[in-house]
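This report refers to the structure that appears directly beneath it.
Per-chain residue numbering starts at 1, and chain names A, B and C are given in the order in which the chains are listed.
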Amino acid sequence: MKRAWAKAVIAIAVSVATAAALSPFSTPEASASPPARATSETFPVTITSGSGKVTLTAQPTRILCLSASATQMLYSMGAGKQVVGVDKYSTWPPGTPRTKFTGFEKNAEDYLYLHPDLVIFAFSEGTLVKQLQLLHIPVLVLPPANNFAGVYNQVNELGLATGHIAAAKRLDTSLASYVAASVRKAGKDGRGASYYIELSPDYYTATSQTFIGAEFSLFGMRDIADAAGRGTAYPQISAEYLLKADPDYVFLADTVCCHETPAIFSHRPAFSLLSAVKQHHVFGVNDSVASEWGPHTIEEFVGFLARVLASTTRK
Amino acid sequence: MLEVDDVSVALGGTTVVSHVSARVPHGAWLGVVGPNGAGKSTLLRAVVGLVRYEGHIRLGGREYGPGELRARACAVAYVPQRPLLPRSMNVTDYVLLGRSAHHSYLGPETARDLSVTAGVLERLELSRLARRALGELSGGEQQRAVLARALVQEAPVLVMDEPTTSLDIGHAQLVLELADQLRRDNGLSVLCSLHDLTVAAQFADDLLVLSGGRAALLGKPAEVLTEANVKRFFGASVEVLPGLAGPVVSPIRHASSLEVTRAT
Amino acid sequence: MTLTARPGLDRAGTPHLRKAEAALPGRELFPTRLRAWHIAAGVLFLLCSLLASVLVGPYHLPPAQVLAALASKIPLLHVRSGLGALGNADVWQIRAPSAVLGGLVGAMLAVAGASYQGVFANPLADPYLLGVAAGAGLGATVAIVYGPAAWASSLSPLPIAAFVGAVAAVAATFTLGRSRNGPRSPASLVLAGVAVAAFFTAVQTFIAQRQNSGDLEVVYNWILGGLSTAGWAPVELIAPYVAVSAAVLLACRRLLDALSVGDEEASSFGVHADRARLVVVVAATLGTAAAVSVSGLIGFVGIIVPHTIRLLAGPSYRRIIPLSLLFGAGFLVLANLAAGAVLSPEQIPLGVVTAFLGAPFFLVVLRQSRRMG
């Protein structure tokens, strides 16, 4: 699945990937593929996403968005009025038409009562997508982004699909400049600092190859899990590994699922020896920072990181 | 017609049956007797094709290879000594198993399957028990069900291994009389092993005495069952009396052991 | 001594029999024969459940129009479908294929369960006994994690990988279950199955645990089982396997009865017990592997359906096998309908529904039959 997604991304935006990967916070303006007209006259459009080519004959007005990140993108670019339903994990912005859907329904027929004219997924096992295709309902699959280029690219795709091309570009620009400003604010405090991002109390973590890893990399931080991430971007390490690596910062992204707090973390056996614990560099964050790549989540987390780095000192 | 020609059987390297020859013509009854471990059951199982053997066994003039179970089952039927009776299976289903070699795989039971089964059930007075589970039947009823299963095979040769082991004297008589009537009516060749020498003599045309896997004697019951032969092959002290249907073999106890029994 | 204990011939029999039964010799003599009305009842049950699952769905379509749409496909009957493009696509590309798929999978699991119970003389034997489930699970996980995207090709690689995994696991069971001298005994096969299943499950868990949450969710979704399908491809994929396997098992229905008297006696009336067991196990396993490859692991069908039929129609496989096919199919189609309808629009995992519906019903039947017995 991941491999195919990667192929698809390369197919849509080779230029975006190469230009933006080198410099994560350059604005993607130069590489945007669609023409810069942003009205319904641009339809029909053909978009290649994770589910293959999809053609939208008219501007969609009944969007069902089953990806919390895509929901953030849609509402941030002003396409919210076209949305008739979002999944149960879409918590931002408030006031969206939330449903019980998860995006892992067994039967696409469940969605039909909303009469959607575009359905957006983050994940798909294929059956749902195929069912919707058989029902002649366009589908976009926007799988988890691994870096900023992927985020900008998805924003552009959504802009193209919803008829908000210019607004999508503006969203990219403002996100990129917010990120750049945050990095400037943090100064050189993060350079070389090591960190551990915890996804669950049994030491599942993320390497720098993930999107959250890319956010840390912006500040020049170093992921202690990189050495453990052989073959997977989400390795499981051990307490011993953690003690040995002794990161400068610890971020707990399991505060919602597993009710972890810095206090509980510090009381795990032998963890009082960790530099991060001694220096009070253990921070709880919302779980969604590790699983979402929407502009709102990004701004919150990048802003939070900048504040943390600016306000703490390392020995 | 059954012909056993120089048959030997080795089980696990030990020769259990050695160079036995015998012949059971159409409508005849050959009784097999012998002490425990003489190879009676093994000989019978060789005839049915359940053990590998050397020599020739011809059923109706034809020899059957080890893979020809289906064809062989149409030529010889078998009543085992200790049949395994699935307790919840009903009598009809059990008897119908005997038709396995006759019906096609996919089709339903044919009219002939049903009429043969119905006939045999009627003949063995099992019709009224047809719906009953085997586990609910008495020993005699169970034995009749086993006999019925063998008979619906419609094989011209019937092999019975101690068919009366678990039966009282009345039911033993009943089952053997039935088999004998069927032999007469249908011209079956019967090969039957029995422990009770008197009963064996009453039903058999000829008796085969096995001893140590060899055919020690083969002849008319009156010739075979002499006091000397019984002493020699069974190690038993008996008195052989002339009976209405053949020799009556009556065990003798020594006076000294009788005394002991009375005292206790 | 022997004269005192005389179980009478006359003790059993006459008083228990009613005269009416005696007047019906055929029924009286052949109480467990498969009768036309059994088949008719099974077919009717299956057709009704198929129809219900085409008529009812999370998206409301007027039943009259759906019926018209169904009738429009009958040749020579000139009825026009009352449904629009969306409704037509829904009925013909989603509801109808998933109902038919449910029928195929349910029939296969039920008949395979019945066959395994006969072969292994174990009432708790289910179609997953020899490692089919674990093998299919590993195959599916590998396909989900390492395979190309499911939507990239017209036919998803998942069922093929699951099928290959299932067959590999059972082949391993057969290889390991053969004792050094002599043929495979049912007991050693079952034990080998346990070992193989444990090993395959361990590998599957290892691979699944190293993935991100999206892939993991797809894996667990598959394991929980379901019949949602898009179009007819999965039906076309498994129908030949199910058909061949069901035909073989039907042909072996009497052999399964014969196995219950032991190998030697079975040979005496012309049944190769070893060969019969091998044929039945191979057919049931291949069919199950095919079914599982598209449906995931749906439990209980292979146990509950054959046992219910056994309790209602008697212990003969001459009835159990054909009736398991029909009622297993209908049961799973109905269970799938319930899975979608109970908490609509939320879908309950199908395996949960089969257990939830099947277990209490089975217990009722069990209690009834005990009382009668």
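To be clear about the criterion, contacts are C-beta pairs under 8 Å (C-beta built on N, C-alpha and C of every residue); 3 or more make two chains touch, one makes a residue touch a chain.
As the structure is a prediction and not an experimental result, all values here were calculated from the model.
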Overall pattern in which the protein chains touch one another (line/ring/star/complete/other): line
Central subunit by CA centre of mass proxy: C
Rounded Å distance between chain B and chain C, as computed from the means of their C-alpha atoms: 43
Centroid spacing, where centroids are CA-atom means, of chain A and chain B in whole angstrom: 83
In the complex with chain B, residue positions of chain C that touch it: 2-3, 5-9, 11-14, 17, 22, 25-26, 28-34, 247, 250-252, 254-255, 257-258, 260-262, 264-272, 314-316, 318
Touch list for chain C against partner chain A, complex: 57-60, 85-86, 89-90, 93-95, 98, 144-152, 156, 158, 209-215, 217-218, 221-222, 226, 228-231, 339-340, 344-347
Interfacial residue positions of chain B with respect to chain C in the complex: 45, 48-50, 69-74, 77-78, 80, 83-86, 88-90, 92-94, 96-98, 100-101, 103, 105-106, 108-109, 114, 117-118, 121, 125, 127-132, 136-141, 149-150, 153, 168-171, 174
Chain A to chain C touching residues, read off their complex: 1-5, 50-52, 100-101, 104-110, 112-113, 122-131, 133-136, 141, 143-144, 231-236, 291
